[in-house]
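For reference, chains read A, B and C in written order, and residue numbers begin at 1 within each chain.
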Amino acid sequence: MDTTPTPGRGAAAAARAALPLDRGTLVRVVAIVVFLAIALVFLPTIGSDWTTTFTSVAIYSVITLGLGILYGRVGLISLGQVALLVVGVWTGTRLNYALDLPFPILLFVTGAITCVVGVLIGLPALRLSGLHLALITLMAAGAVNVVLVAINFPNGGGGFTGRTDTPDLSGLEPVRRPSIAEGDTAYYRYVVIVAAVMFLVALLHVRGKPGRAWAAIRESEPAALAAGVNIVFYKLWAFALASFMAGVAGCLLAAQVGQPTAQSFQTQDSLTLLAVTLIGGIYSLWGAVVAGCFSQLLPFLFQVQWGINPNFVLILFGAGLLQVLLTAPGGLAQQFPKDMANLGRLVWRGLGKVTGGGAPST
Amino acid sequence: MIEVERLTVRFSGVTPIDGMSVTFPGGTCGLIGPNGAGKTTFFNVLSGFVKPASGSIRAFGEDLLKMADYRRARWGLRRTFQTEQAIEQLSVFDNVAMIYEHSGVKGAGRRSEVEAAIEFVGLETPPRRSVGGLGARERRLVEVARAVVGRPRVVLLDEPAAGLPEEETEHLSSVIKAIPERFGALVVLVDHDMSLVQACCETTAVLDFGKLIASGPTAEVLRDELVIRAYLGTEEVL
Amino acid sequence: MDSVVAFAVFGVDWEFIKPYIVLGLALGGVYALSGVGIVVLYQATGVLNLAFGAIGAAGALIAYWMINHTSWPHWLAYVTCVAFGGVVNLAYGLLFGPAFAARDPLVKMMGTLGLALILLGLMAWRAPVGGAFARFLPLPSSSHTFTLFGAFVNWTQVIALAFAVGLTLWTTLFLKYTNLGTAYRAIANDREITATLGVPVRRVEASAWFGSGLVAGAAGLLLPDLITSLDYAALTFLVIAALAAALIGRLTSLWATLLGGLAVGLAQAIFAPYESITRYRSAAPFVLAILALLWLSRHRVVTITRTAR
């Protein structure tokens, strides 16, 4: 390569690259539009149990989005994200019964409260090394689970816990959904749009000043410090963002199930959530969509569609986690396009051979 | 101008910097010495990673030691590290922009200043390319661009030429030499490559076992008998 | 809360609390010996084994199947349970240990999360839970009891506590006075340098995987008898109480781990009879672990190394 600096050429290259809409960006925008169109128009037409499942997929992709940012961008592991989801579900349910707020405001307030809880856990924990941070979140998740089992979710009763233990539950209303989206299909579309907004928030973060600061921290803390990055602040910000997303997802989940129960959340779920997040891919936001599908769609396919024991999914998650850690750190979101490209090349070459060797070899 | 007075750093039982007093007047200043002489420790004191046991450092009239570590970048202190610190996942532009964003410079000139820094170091790769795909020389240049963006006052370069072949070092030295004039910053250069130090630095200070053993115009310092004996061990200077 | 205050300040009805102390010490013994198994493996290989509980649980289920569905002697089932732990842990260590060797401790830990999920999936798949499927794995030792200071004590409880103390003592002596023990300590200090000194690092690590796995199997055998049910989910999350013990020992000190394990067990059992807090007592391991972690973090450490990849 030529080493003498030629200012004219450098400037031209800079101008070309700085154009906002290059080919890659265009492809991405088209892909997002097509994806959203399929999600909003085609998917709800398959069937009602599919719609419920896809609602869960969208909700869980919001949690894995936060978790993926935390690990992929900042290098922090939280083993307690399901606990924050539980806080979100609980807060959302409680506020839902207590106040008559419009649903979007309810989502935001739930997210904000969960965010405060997450930050309170994160603040002392961020002084710890990565391993210890992961462990303290696991312990916090366990503690939250114990408290949850003790007080359970609000069901429309009074007091702080908002729970009544009367055996007659007939008079109790389920958690209310937004007035414009009370049916399952409408609610599904509502959730997809909220999820899309969350992905946009994540994209703005990752592409913006926080994303660059996170990348600096992840690369090297001393170098980030020398560059003037307030490390604790930006780590806490990532924690707050992931917690906010868990809270929003929790509120969405509360309105989806109507009557949340403590039995449906287990410490084990925090572990599977982390596994699917890694399998989906933590360096691309698409990874969160894949992770949402893995955690909600796959068990549904196994159990309802194919009649296979859904616990088999856990084995897949475990094996997938090991494989991602060892050979494909980018997860499926990065691996899948690569594999498809390889497959395409293979097919192309095979076709070339069959038709007499006219295909170009790459 | 950086004035260091009787600076002492102690770790348990070791004294990597021992009563060092030196003045870096301006322009590009060399700081040389054998391995373990305390050069990087001195940089770490300037960055705020290491708290000295005693002594003072005044940079352009301000007490540097009183400043919180992450505020020093905002004040105008930049540094590169011996190990590579360009961020692989980010593009060249974002790598430099990231430093600019924390430099404390306010205003709308972000893009032009970042692009000016990239152009200054003579990087020809498209700024949107990710650093992960760049070679060693280009990564070094990205690091230098990171060090000069956002109106620096003091630029610390820790072995910027380590591992680069000779012809690429030449380009680097022309870039380093141009920093003080173009950005008005004081450059302190640590390197083992004497030809680089000679080519870039008007003045040079020599450390050995944490003590200053010589300082002054580079050519004179490199002729100093004490320096030759302490640092180079043999008579072979260049 | 009144009763807790009464307990702390004035002392309580000893007759009332005695059986819970016995139970707490026995449970604490299992937590402590698991903690010791985790610490030794962490020191030798840098792996914090999150699959520790799942391995014991799987061993226990196999022993349960052998006892209830075959005519083989019971002792063979017990031996199989312990050996299963050693073999599975060793197999994981041999298969994945080298691949993870150069990685960050966080990544190493997540690898064992993969193993835990695989085992959990296998157990949930082959041995579903539910009211009708309640399982028990009683040991012959629990049918023999005696009275100590007026409290009933069974031999499983004695074994659990004695095993914990004995294991801690034996491991301490082993690390101090044998060649293999010296190799352990050298590897814990610096793996690369130790390897260049000619110590067979792989073999030493393999012994740690195997030994730690045997302890996991033994814990999986003891715990179902102490809590009188074989619930693999509960057994899998034994690892959390064990981790709490290990963290109280700062992942280095075996004796502090022993005391930590006993403290967690006692805290869990003693509060059982008090109406106001009994529902929260299972949070004891978490709370103690969090306190230990926060205590560890009181000095801020600037990490000069790269973050996890």
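Convention: contacts are C-beta pairs under 8 Å (C-beta built on N, C-alpha and C of every residue); 3 or more make two chains touch, one makes a residue touch a chain.
The shown structure was predicted, so the numbers you read here are calculated from the model rather than taken from an experiment.
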Most distant chain from chain A by Cα centroid: B
Chain whose Cα centroid lies nearest the overall Cα centroid: A
Separation of mean Cα positions, chain B and chain A [Å, integer]: 41
Chain B and chain C: spacing of chain centres that average the CA atoms, whole Å: 51
Geometric centre distance via CA averages, chain C-chain A, whole Å: 32
Where chain A touches two or more other chains at once, by residue number: 218-220, 222, 225
Chain C: positions in contact with at least two other chains: 302
Shared interface positions of chain B, touching two or more other chains: 49
Chain A to chain C touching residues, read off their complex: 75, 77, 124-125, 127-132, 134-136, 138-140, 142-143, 146-147, 149-150, 217-222, 225, 266-268, 271-272, 274-275, 278, 309, 311-322, 325-326, 329
Chain B-facing residues of chain A, complex: 1-7, 9-11, 13-14, 16-18, 22, 209, 212-213, 215-216, 218-220, 222-223, 225-231, 283
List of chain B residues in touch with chain A within their complex: 47-49, 69-74, 77-79, 81, 83, 85, 87-90, 93-94, 97-99, 101-104, 111, 115, 118-119, 122-129, 137, 146, 167-168, 171
Chain C - residues contacting chain A, complex: 48, 50, 96, 99-100, 103-107, 109-111, 113-122, 124-125, 128, 233, 236-237, 240, 243-244, 247, 279-280, 282-283, 285-287, 289-290, 293-294, 296-297, 300-304, 306-309
